[in-house]
Structure formats: C-alpha cells, structure tokens
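Look for subunit A in each of the two complexes below; its partner is subunit B in the first and subunit C in the second.
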Partner chain A sequence: MLELILQALFSGVLQGGSYALIALGLALVFGTMKVINLAHGELVLLAAYIAYTVESSLGVNPVFAIPLALLIVCAAAVLVYFLVDLIRQDRELNSLLLTYGIAIILTNAIQLIWSADIRSTGSAWFQEPVVIGPLYSMRSELVFFVVSLALMTGLWWWLSRSWYGRAVRAVSSQRDAAKLMGVNPRKTELVSFIVASILASFAGVALFSYGVIQPSYGHVLTVKAFIITVLAGMGSIPGVLVGALLLGVTEALTVTLASSALQELAGMCLFLLVLFVMPNGLFGAAGRRG
Partner chain B sequence: MNRLYKKTVGLTLLAGLFLGCGVAAAKEFLVGVEIPLTGSLARVGAGMNEGISVAVDIFNKTNGKHTIKTIVIDDESAPAKAIAAVEKLASQEVVAISGGYGSNNIAPASDAANKLGLPYITSGGVDDSLVARGYKTFFRINNTVGYQKAMVGLIDALKVKSASIVYSTKEATANLAKDVEKELTTKGFKVGMHAFDPAITDFKPIINKIKLQDKPEVILMCGYENDYVGILRAAKVLKPKVKAMIGVWSLATAKMAADFPDLMPWVYGTALLPFPAEFKTADGKLFAETYQKLYNKEPDYLGQFGYVQSLLLFEAIARAADNDTLHKGGVAEELRKTDRETLVGRVQFNDKGDNINFVHRMGQHQNGKIGIVWPSEAANAKPNFPAVPW
Partner chain C sequence: MLEVDNIRAGYGAINVLWDVSLSAAAGQMTTIIGPNGAGKTTLLRSIMGLLPLTQGDIRLHGRSIRGTAPWDMSGLGVAMIPEGRMIFKDMTIEENLLMGAFPKQHRAAARQKCEQAYAMFPCLQERWNLLAGMLSGGESQMLAMARGLMSDPELLIIDEPSLGLAPVVVNELFGVLGRLKAEGRTIILVEQNTQKAVGVADQVHLMQSGKIALSQPAAEVSLEHLHDLYFAH
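Let's turn to the complex of A and B:
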C-alpha cells in the first residue's frame, strides 16, 4: 500500500507541475487585467500543435518547436489583447464573451488545419521510463516539471525585481494610481499578455511531450487553469504552484485510494472546500501573508 | 382548328403524363446526415461521414434508377445540437437520416427523428437503451453484445483466467465493461474493475494498482484512442507483468499503427478487416476502390460502418419508392425486411431495430500490420501470445 501511495504522490506532484505551467498564464492576465482569458487553453493547444508540426515534418525533438511556438502564440495573444482592449464598457464581463468566442474560433481553426485526429509525441527519448527507487515516471514529465519550476521562479523574479514586473503588480493593485506614477497601463497589460503567451508556449510543448492532444481539448485546459487560479488566490504565483500541486496530488490519491472515476469530483470538492474556508483562495489578498 | 387544338392539348397532356411518370419512377431522394464533425467526436464522425459519401457515390452509380443526395449537418458532438440537426433536416424534407455517433447524442437525435416519423440508422451507438425504446423508426448495425462476444471469445481462446478491466465512465464503454465482467465472472475468471473519468490523462496510478494489487494475466481496455495511448504509455513505464493488452474499438487500426508505432506492437482490438485490407467480395472491392479514389487512403472501420448503414438505407428507400410506400412508413418497413451480407457480416434487424447477427472480430497489431486472430473462421493470423509492447 505504501508503494501505491508513494507513486500516487509522485505522479500527483508531477501532474501538479504541468497544471501549474498551464495555469500560470491565465493567473497572470487575470491578476493584472481582471480578464479571464477563456482562450488560454486554446493558446496552449496551439503551441502543442506547432510542436507536433515541427516534430512530424522535421523529425526533431519537440523542444525545438519552442521558438516557433513562442512566435506564433505571442502573435495570437497580442491579437487577443488588442481585441479585448477594444472593449469600452464592462470589460470583465464582456471579455468573457469575447475570449469564449475566440476560443471557439481557435478550436475550429486548429481542427481545420490539423484535423480531429489525436496527436502525441513520437520521441522515444521523452517516453523513456525514469525509475527512482519505487517511483516511476516518463522522462518528459520530469523534464517539464523542472522547466515548470524554473519558469515559475523566473516569473516570480520578474514580477518582484524587474521594472515591468513591478508595473504589472502596480496596475494589478490600483490601475489609476499606477497611471499617476507614470506607468502606462495599456502597455503593461500588453506585456502581461505576452508573458502569459510565453508560458502558454512552454505549456503547450510540454503537453504534447507527455500527453495526448486533440482540437477539443482546449477548454478542458482552460477550466483546469481557472480552477487553479481561483484556488491560488488572484495574482499569486506561489499560490498557483501550491494550488496546482494540491489538485494534482488530490486527484492521484483519489485514483489510488478510491476510484479514478471520482478523480474530477475530488478536484471539484477540493475547489469548493478551499473557497468555502478561504473565499479569497489559498494566497488571495485577504489571506496573503508577508 | 378546334380538332387540331384538341389533338395538340391531348398530345401535350399525354407527353406530360409520360414524362411525369418517368420523373416519379426515377427520382433523387434527399437523405439527412447528422454527424459530429467538430467537438470531441469529430475524428470518429469524420471517418463515418467518409463511408457515407462512399455509399452515395456507389449507390448513384450502380442503382441505375434512383439517386441519393445527402444534406450533412454537424451536430458538434452535443446532444442539443443533434436534436436541432434532425429537426432542420426534417424541415428540408429528407426521407430518412443516416449517421450519429455516441449513444448520448444518438438517443435524443433518434427520439426527435421518431417524433417526426423519420427512419434513423446508425452504427455509432452501442448502448442497449437505444433499442430498448422499441422505436419502429430506429435501426443500428452494431451493439454491445457483438463487441462483448469478440472480447470474451479472444480471452477464451488465449486461455487466461484473470483480467483487469480499465474503462471510461462514458455510457457505451461502461456498459461494455460491465457486460464483459459479468460474463467473465460467470465463467469463473478473476476480474478487477477500474473505472476512469474521460477527462483524466495520467493513468499511472491505475496501472500501478493493477500491477501491485490485481496482478492479472491480461488488461482489458474499454475506451477511446486518447485513453488507449494514455493507458499504454503508463503501462510501458510501469511494466506490469501481464501477457496481453486487449482493447475494443478504434485501436486495431492502421492509423494507430502508423501514429503510435512504439505503443501498438502486439496490442489487440476489434477489427473488421486485416491491414493491409483484403476485400474478397465484389461489394468490398468496389467499396475499397471508391474509398481510395475519393480520399486517397486505405478505408478504416468507421468508413466501413458508415458505408454499410447508408447503403442499406439507400436500398430501402429505393425499394419503398418502387412500392410507392416512401411516405407511408415504407422505408422503415423495407429496412426491417433487410437480410443481406455486408462488409460487416450479415445484417438482419429485429423488431427493435437491432442487428441480430452482429459479432465483431479481434485483430492484433503485428509488425506494423493488423492480423485477424479471432474468430478462427475469419482469422488470417495466429495471435502472438504472450506479448506486450514493452
């Protein structure tokens, strides 16, 4: 039994790392603009399909698709930003409708270009099993878990140390006050959209490297990312990591100790429980320490 | 002048009557196709739609009297859209509907078709509740029993005594898994059941439970393409000591062999034909030739099912038109009289519209090819057992 639980914890932590990578971008945009980008999952998926194209046409490891994915996903994200920026009234609500529409367009565009077939990496190197004592994983899961941690550290550093990062936090806290301090909110919001798309690009390539992708998968990613963002508390990067790991471990333990059919239900129960006890999320403004 | 006028009118009326009869005798019929072309079932819907198009092409070239024109509406893999599609097709005056995929979409769509008096034929839903309704307008080519017989038949042939079933909680897969479990338990097998939510992607915790607790001889998989890839990947990492990996639909296909060459070796799944396909009948050869011409690829099982269901429907429409019962419930009546050898075996419908002869075959991925290994009378290869992809 101990072996089972250890493996479940290990799998849950790795799964949590990938969830965090997917949720980070959504959390960043939500934090700065109060915009829930419902097309975020589709942007992640777009990067995954770019990785598929590069791997299948050039026969190289999908990580080599990252530069191209960055270029295309950033361009798509900038377009999404300019469309959101056109909204003059009730941006929080209207952006939901707009980004939902963009998500549908992106899903259908992906299907038109790449067809509805399922895709996954053929890279043998990524699929090699890694055995650490009684624990098993695929190499791709470990690699992208480390990448996820590195990106989160980098994002945390950028938000707390760089001028633009501080500007993002200032706009997130008080848009008008930030404006008075010489921060251009529109430019800052654009930067946060671009950073979110960089994270989405990595998340997409990671997803293709250890999972299976299909055009209809985007909204599943968005929902998962949204749950983690709310669990974390608005705009909290450590919260995203903790929320994602908590979700991953809860799901894996549910599979091991109960039934895998209850996995999604367990995730939702965790979500409701956290919101019930801590309405601002794990690291939300009211509960944030330090 | 008066006589000439009468003659002219008389001849015109006669010619009109003659021509009119001609039009009535050889007519183009509209058939609705309600199928998922987008959403989660887009891949299977598109595959089936290819088979339907092949059936139209072949029927129009070979019937010699009647022709068929289809109106295709995408149900977006959503039950509400499936109902709307059927209603729209009815408003466009189709005489029957072919298509549908997924029992949860087919149930409301065929319900709507039944209310509108439209015959509805499918091969995309195996849930027993579809036929339990007893609709006189509903017909289907395949059913859970046919898949169950194939899985249990192979397990019997392999002479194993224990199995773990990993199954999606979707209706069709869950029903099949429970039916297989029931039959295997009755035969004295030791069976472990592991349901999974369709949204999960990491199967390692499930496979680890099977490896450490169940320790079965074979793992049975009731799911869809993405599930199989996830299960086989997890199994390849954890390497449970099993003798075979056995799945159902969408697994023993040329596409899976080409897309996932590292995961498929020695995996079993239901298959109508071996790969490379060997069509022995004239009907089969014509189908393969037309499919190749239209889509420039080898036909798959979805195309075959779509083709068979549609061709049977078109033939029933033609017979009903010839008997002048097209708008008097004649299509359903003619479908019920169907007794014909097809690409998926002999088809006969019972009073609930289910195909009483449906039994699937089991194939195995063998060195990039697919050999039919069960039943013995249809087999063109011997099962490589024990053998797993790792």
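Let's turn to the complex of A and C:
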C-alpha cells in the first residue's frame, strides 16, 4: 500500500511538470492582457496532435515534432491574439466568449483532422521503463519533467533578467506606469502570447509522449491550468510549480486509491478546498489580487 | 519648452479639462496647485499621451506632440513621475529602476544611472533587492522619483510627490526637488502643499474645476490671495 502511494506521488510530480508549463502560459497572458485564454488547452492539444502526426507519418520520435509544433502553435496563438485585440469594449469579459468560441472551433477542427480516436505514442524508446529504487516511470515522463524544469528556469531568467521579460512583468504590475517607462503594452501582450505558446508546444508534445490524447482533452487542460493558476494566487513561477505538482499528485492519488473516473472531480475538490481555506491562493498576499 | 494650448480632455464622455493653456519655460520650475479633483493629474496624463485630447494642441520645442504615444515620450526627453502608488510593487527596487531605462538608447548607461540613483536616494541602495511593495509611502515616492530620473529627462513632470507623506519626508523631498532644479532641469510640478510648492516654483498656476484660475510668476504670488481663490468655491 505504501509503495502504491509513493508511486502515485512520484507519477503525480512528474505529471505536474507539464501542468506547470500550461498554467504558466495561461498566467503570463492573463498578467499582461487581463485575458483568460480559454483556448489555451486546445493550443497545447494541437501540439500533441502534431507530435502524433510526425511520429505516425515519419516514424520518428515525437520530440522531432517540437519545431513544427512551435511554428504552428505560435502562429495559432498570434491569430488568437489579434482576434482578442479586435475587442474594443469590456475586453476582460468579452474575451471569455471569444476564446471559448475559438476553443470549440479548435476542438472540432482537431476532431475533423485527426478523428475522435484516442491516440498515444508508439515510441519504444519513450515507453521504456525507468526504475529508481521502488519507483517506476516511463522514460518520456522523466525526460519531459527535466525539460519542464529547464524551461521554467529559462522563463524565470527571462522574466527577471532580460529587458523584455521585465517589461512583461511591469505591464502586469502597473500598466500605465509601464507605458510611461517607454513600454508599448501591445508588444508585450503579443510577446507573452508567443512565450505562452512556446511553453504550450513543449507541454503538448510531452503529454502525447507519456499519455493518451483525444479531441476533448484540450478543454480539460484549460480547466487544469486555470485551477493551478488560481491555486498559486496568480503569482510567481515557484507558486505555479507547487500548484501544478499539488494537482498532479492529487490526481495520481485519486486514480491509485479510488478511480480514474474521479480524477477531474478530485482536482475541483482541491481547488474549492484551497480557496475555502486560503481565499488568496496558496501564495497570494492578502489584498494583492485582481 | 512645453506649451499646452487650449486643450480639452477627459475620460470617455466625461470631460475634465476645459480649454486649459499653460507653458513651461526651459530651466524653470512650473508649479500647478489646486484642490482635489481639479484635474491636475488629468492634465499631466494628457500631456504624456495617456489620455487623448478632444481639442487643442500640445507643443514641445514648438513641435506638436499631439497623438504621441506615452511610450514614445521618453525618446523626446520627457518623463513623468506619477504618484508613488504607481511603482511596480511586484518587482524589486533595482528592477523598478531598470524599467526607467527601458528605451533602447538608455540601456547601455542603466548600471551607471542606478549608481547615481542610489547616491541620491541612499535609502534605496541597502534594499536594492527588496520587493517595491514592501516600501513605505515615502520610500515608494523616492523610488518613483529615482525611476523617473533613469532616462535623464530634459523635462520632468511630477505628480503630487508629497501626497500622504510625513512632514520630515516632505522636507527631504523638497530638498531633492531643489537639487533637480539646480541641475537645470525643466520641471512641471503638481502639488497640494501650496506654501512649499510656491517656495520652489518660478511660475505658479492655480487649477480649479478643470480650468486654470490663476497664472503668476512665483515672486508675485500672494499666499493669502491664493488661499482666498482656493476656497472661493
């Protein structure tokens, strides 16, 4: 029993890496643009299906799909950005309708192109088991967990050390003041959309490499990313990582101890529980939200 | 240096500024005083391009800057120091300063400018890595000032720097304003502390209900007359 629980914790943590990448993208765009991109999960899923196509048609490891996924997902994200940018009134609210509509269109486009069948990787190299003491994982899980950590480190570096990354944070923090500092917020909004889709591309290829995908999964991913972002209190990268690991572990424990049918429900319960106990999220300082 | 010519501006359907004109001469401190809600901040925001004009023109060195985006103003040598609440609270003090040097032409000198800022405001130096949200009101204001000076502006526009500060800090702040003026910078200062503001000013404008009610050289201003006007409404 203990071994089962340990194994669930381990798998949950590994899963949390990709969740964190998805949630960071959502949080980044929300920070600069105050827009919750409800099509974010679909962009991740698009990358996953591109990985499937590259693997099945070329017979190569899905990681080779990353450049193509980056290209297509970034292009799609830029399109979403320009559509959102067309909204003239009540952007925060109307963008919910718009991005929800885009999400539905994307889901159906994915279903049209790739059919509703469940897909998973056939890469033997990726499915190879890796055993660390009593713990088991697939090679793909470990590889992409390390990749996620590397990307998060890169993101942290960019946000705190580069001129443009700091500008993104400045716009999130005080939009008018950032304008006075010489920052054109529309540029930083576009940049945040692009960075979010870079993270989404890696996450999508990761999800395909160790899990199963189907057209309706995009919506599920958006909800997960939203839960994590709110759990973290719209804050820092470490906060989002902890929130993502917490969700990953909760889901894995639920699957191990109860049933995989309850996985999404468990995430929602975690969400409600944390907000009930800590209304500002795990790391949100009191009164610093909104 | 800067001429505001008969402008109207406001927030959507609500007009706030009614035919406002004033000018700021190079090397001088032009002070705008007036009660809360008179439209002083609105005037500064209009100059910086944060609000669109619905009438009139604004000229810098004789050239119209109407419609210039706020992010292009620092390239023209104009910087606004908004009230201290508008620092980047989620960023460190040093990151706040670096944002002040964001335009490409200022980035190379940013490190050196940070050192100058620390020399001018020693309270910031010890805590360079602290989140700006942790600062007191006075320190936030100092940070806003230091950040605004990072681009070495020719024209400095400052909005109510003494708002809500303790008297000691206010004195310190006016000391800094005096030094900036002595450096030969052109300054437009909005203040509610009438006595101190008139003390450092070259030219004084009184603003009421979105209009300029009085414009006088500081030397000719009688504080009593000013107070009478101030409370006339």
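Definition applied: the second predicted complex is superposed on the first by the 270 of 290 C-alpha atoms of A that agree within 3 Å, B and C clash if a C-alpha of one lies under 4 Å from a C-alpha of the other, contacts with A are read in each partner's own complex, and residues count from 1 in each chain.
In this text, a residue touches a chain if its C-beta (ideal position, glycine included) is under 8 Å from a C-beta of that chain, and two chains touch if they have at least 3 such contacts.
Note that the structure is a prediction, hence the values are computed from the model and not measured.
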Touching partner for A:280 - first (subunit B), second (subunit C), both, neither: neither
Subunit B versus subunit C as contact partner of A:61, first or second or both or neither: neither
First (subunit B), second (subunit C), both or neither touched by A:178: second
Touched partner set for A:53, first subunit B, second subunit C, both or neither: neither
Subunit C versus subunit B, contacts on subunit A by residue: B
Subunit B versus subunit C as contact partner of A:3, first or second or both or neither: first
Subunit B versus subunit C as contact partner of A:167, first or second or both or neither: second
First (subunit B), second (subunit C), both or neither touched by A:214: first
Where subunit A meets both subunit C and subunit B, residue numbers: none
Of all residues in subunit B, those that touch subunit A in their complex: 38-40, 42-43, 45-46, 77, 169, 194-197, 199-202, 204-206, 208-209, 212-213, 225-226, 229-230, 233, 236-239, 255, 259-262
Residue ranges of subunit C touching subunit A (in the complex, touch as defined): 48, 50, 69-75, 79-80, 82, 86-91, 95, 98-100, 102-103, 107, 133, 147, 151
Residues on subunit A engaged by subunit C in the complex (per definition of touch): 160, 163, 166-167, 169-170, 172-174, 176-184, 285, 288
Touching residues (chain side subunit A, partner subunit B) in the complex: 3-4, 7-8, 11, 14-15, 107-108, 111, 115-120, 122, 124, 127, 129, 136-138, 211-212, 214-216, 220, 251-252, 255-256, 259-265
